[in-house]
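Here chain A shows up in two complexes: once beside chain B, once beside chain C.
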Partner chain A sequence: MLKMKQLTQPRVIIFILSLIVLCTLPWVVSSFILRIATGIMMWIGLALSWNMLGGYMGYISFGHGASFGVGAYITGLLMMLLHLPFFVALIISGVITYIFAMIVGYPTLRLSGSYFAIGTWAFAEMMRQLVLVLDTTGGPEGLRLPPMLNDNFFYFVMFGLALLVFLTAYFFFENSDFGLKVKAVREEEVAARTLGLNTTWIKNQVFALSSMFAGIIGGAFAYWITYIHPDSVLGPLIADQMVIMVLLGGIGTLFGPVIGAIVLYVGNQYMLAAWGQSSAYLIILGLAICLVILFLPEGLLSLPRVFKSTTKGAFARLFSPPRKTRI
Partner chain B sequence: MTKIMEIENLEVVYGVIKALQGISFYIDEGEIVTIIGANGAGKSSTLRAVSGMVRPSSGKIRFKDKDVTNTPSHIIARQGLSHVPEGRGMLTKLTVEENLILATYNRKDHSQVKEDMKNVYDQFPRLSERKRQAAGNLSGGEQQMLAIARALMTGADTLLLDEPSMGLAPLIVQEIFAVIKRINQAGKTILLVEQNAMTALRTANRAYILENGTLLKSGKASDLISDPEVKAAYLGGY
Partner chain C sequence: MGLFMQTLINGILIGGIFITIAVGFSISYGVMHIVDFAVGEWIMLGAFTAFWLNMYTNVDPLLLIPFIALFFALIGYLFQPVIQKVVNIKHRSAAMMALAFTFGLSTLIRGSALTLWGFNNRNLITVLSEKNVDLFGITVPAIRAGATVFSILVTAAFAYFLYRTKTGITIRAAAENKTVAGLMGIDGHRISRLVYSIYVGLTAMSGVFIGSIFSVFPDMGLRYTAFAFFVVVAGGMGSFSGAIVAGLMLGLISSFVSVYMGGAYVFLILFFILYLILVFFPKGILGKGW
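Coming up: the complex of A and B.
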């Protein structure tokens, strides 16, 4: 229960103020900026959902894009074939991606480390190939959804979803018994089991929950963009970007994925505007991963701390004899 | 004496390697039993099979009159058997307190949990001082203390300890074994696996000698200490 005292904490006030500012955004910025903001919200939600699995639980998935794509296709099919209203279709795709992830998680969660990464990647690739050959999904032709041209509507949908994922991460992963159990799985699965934790159940739940959010966001994306294609919603780049955003911002933290999503998405849009559709983005993306992993393993979020300690270190080194190289 | 645990013809196989070739032993309630053996004898495999971490290829494990041979490890843990694994199984990035709290999540006796937590901090003052430190920053001895404290916090009455002396200075080893003695006197049953044969035999009531996956000898710990064969092979000949 929220108490009055909690509501007057500075961070809560800042949070509520930012929500108010974000709610007024459609009336203060141009529609171009609003579309960028919508995209940012979408990627914040996706990065946060990936972080539940990869950050808090330590299971690095390269197949999270499959949940996004499955959600997109299910929403599209439900709207086109069964003429369901958007929100109904969205909720059903959430449920279906959840169940789908339960099934996929059963074999893949027995793997760990890079085997899990490869396993999930293979599953995602399988889904893409499947959608490419199926008739109902339109195969390589893709799928068209009923057009809906309302920038404000999609901004608020994505904003709402990002907020939902954020609050889930905050209440279920950062500050709860469940979150602590999830972190125990990340630290040492065997030890967690000796403490009586049902790690299999925990792993399945986290995998399904994080996939469900990616699926719902995929559904919203499909309606927003109105035309989906196996490469646009099931391509490997979707999962890759989630991974990089989280690593860039700070893995296993609440704000890392948010910051990573903003930086990477804005950077991507800027390059698109400057150079058009080019592969330069991919090259810079690759370079960014290398740099972050090498020099900033805890992400941009740790930058202030790292900066402080390295400047101190630089001063210290200035006045001490050179160290011998360690072998 | 009532048998709290009974193992019959336990066999553990990894691929083509037969780590345990059918061993049988028992533990009475309130005992300290030790299994000693050299590297690769199968000590850890025994504990892993008992706590459900690996599936035995054959054999029977009874714990508190229940067949737990194929019971999942977290269920066995909830029945009062806590395995402190080799290497201590620290949740390194979590704090000392979080490590302890995690152990209590499957318990239903909430009022007892509070009391146990207080007792554990009283017994291990160094853990109490380091409550909010990451477990990974503790010294080896402190980590072993935390591992034992965590096992106690699960509410277990039987503890499986895999080489608690590993990598610790002699003085700290003495301290750890004093702790083991103390929690045994407080009523816990203990199965202790060790390479440090002398200290283990001095602490235990009974002992088994394990070699290449088979039990070579068993008996009262005090008898085995003076057994010439055991002396020659495990106690450095003196």
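Coming up: the complex of A and C.
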């Protein structure tokens, strides 16, 4: 467990200080900035949850938005039809998305590479079409949730969820045997299996875990926005943004998705404020993916390494995950 | 019975066009090992090029087809080195990066088209539009029949090129095993470039037909990307006969579902079948894919 020596490391001190700053944020900034901060927290959580699957395990999914949408719709339906309180509905929707992802993941994870990407994409589109034709979900009319106008509440919910996903990524994927097993699947799946790893179980667990987080965040999003529509929570843009945030920040790292989420979400909101709802956002989004992949394939996080000679590597050491000698 | 036959003929005629797209798509996958998420955007760009050229020059879109095919083949030829650069990146998952790259490319093209041309639907009017052929009491729209016949001819010519000419044989060799083909003196980069340019040309050309049968709008790409994936995955990547069977299957399914169940169910059923085929027959329904 944590020892005193570990607690006094500069990294840990910075982490605790930033937590304190983030906790006092609602009383410092205006409600407009607070809403943006809530959005940033949400996307940090989503990008980190996608990174578990796409970054640590190497299974690129273009259908992760399906988990987000399913979580949002289950939370909404539980609150509207059964009148459950928010947190109970959120927990139940997390459990349901976990089980759902287990069932879907078992056949889907037999695919790999491009086929997995197409399969998840097809599945996500199928879910959107299903919600559009079903009656209980309101079909194309969407679903309304009981309104709740408390910005601080939602900030802390999203903050807590993002922190939960971050800590899960840190303890289960960066610093544990489980994380090494997951990375072994990414590097060479056949070799991992010959070494006695139950790769089917590992892949299912990672898929279900990352889907569960996306589902819970989707549920919180539904209650925050109070109106959900198949195109807004199950549309392809949700999954696209998760992929882009991770690629932009740095795939397979802990801080990459965080940085990518902050940069992209702030940029998106700035464009919304400057130009209004515009399809020009898609141009920037597409251009960003292409340029990042062409010139910075390891994301913004590798920038310090690129400029290492000028910064003497101090910046790089601060933000890169702790190196382990154990392989 | 009349309705059933009508639906059947419509289905076969829609499916005919997708065969051409699927053949180009799967051969480019075979050589470059990239699943191109931008396939629908090439269709959209082809249709829009035909629309604007038709508007300014008043030449019939059907006569513009050879020009559009050549023009987009040139674009593909010039653009391929960029994709090749992504494939050659020193990264642990270069193939995935290439996939994400085409995904970004499709977002970029769609966003540009939406920004430039708005959300409006446009109609591409050809000399065959609004004309019908009566066949044993079934009305066959002339443009659909013409498109299908043309697509089948182009596919046949492409098949001849692949199986009977020297360049075609080198392409198939590169698709089968690039390293060994390279050892035999086949220039992999040149083949990749050629194949990508043929694929873009064929796809944009099909876009003209699709635009004149349905309508032209900047958001149409997503729909046809889904269709192209369906045909290629169901038929098996790189399989000629599979692409033909899957193209006809796609046409029949979409036409029967929209007539007997309603238009809202078409995509639900198609994606469901696509998912099932991927999971249970990853090599395609004929089992001939790579």
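One rule holds for everything that comes next: the second predicted complex is superposed on the first by the 306 of 327 C-alpha atoms of A that agree within 3 Å, B and C clash if a C-alpha of one lies under 4 Å from a C-alpha of the other, contacts with A are read in each partner's own complex, and residues count from 1 in each chain.
Assume contacts are C-beta pairs under 8 Å (C-beta built on N, C-alpha and C of every residue); 3 or more make two chains touch, one makes a residue touch a chain.
If you're wondering where the values come from, they're calculated on a predicted model, not measured in any experiment.
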Open item on the list: Just to be sure I read the superposition right, which of the two partners does A:184 touch: chain B = first, chain C = second, or both, or neither?
Closed with: first
TODO: Identify the partner contact of A:70: answer first if only chain B is touched, second if only chain C is, both if each is, neither if none is.
DONE: neither
- [ ] Give the label of whichever partner, chain B or chain C, reaches more residues of chain A.
- [x] C
TODO: Look at A:96 in the shared chain and tell me whether it touches chain B only, chain C only, both, or neither; answer first, second, both or neither.
DONE: neither
- [ ] May I ask you to decide whether A:254 touches chain B, chain C, both, or neither, giving the answer as first, second, both or neither?
- [x] neither
TODO: Using the touch definition from the top, say if A:195 reaches chain B (first), chain C (second), both or neither.
DONE: first
- [ ] Have a look at where A:245 lands relative to chain B and chain C in the superposition and call it first, second, both or neither.
- [x] neither
Task: Contact residues of chain A, present in both the chain B and the chain C interface - done: 187
- [ ] Within their complex, state which residues of chain A touch chain C.
- [x] 58, 60, 62, 107-108, 110-111, 113-115, 117-119, 121-123, 125-126, 129-130, 132-133, 186-187, 236, 240, 243-244, 247, 278-290, 293-294, 297-298
Open item on the list: Can you tell me which positions in chain C touch chain A when the two form their complex?
Closed with: 34-35, 82, 85-86, 89, 91-93, 95-97, 99-101, 103-112, 114-115, 222, 226, 229, 233, 264-265, 267-268, 271-272, 274-275, 278-280, 282
TODO: Give every residue of chain A touching chain B within the complex, in rising order.
DONE: 177, 180-181, 183-184, 187-188, 190-200
Open item on the list: Under the definition above, what is the set of chain B residues touching chain A in their complex?
Closed with: 51, 53, 72-74, 77-78, 82-85, 89-94, 98, 101-103, 105-106, 150-151, 154
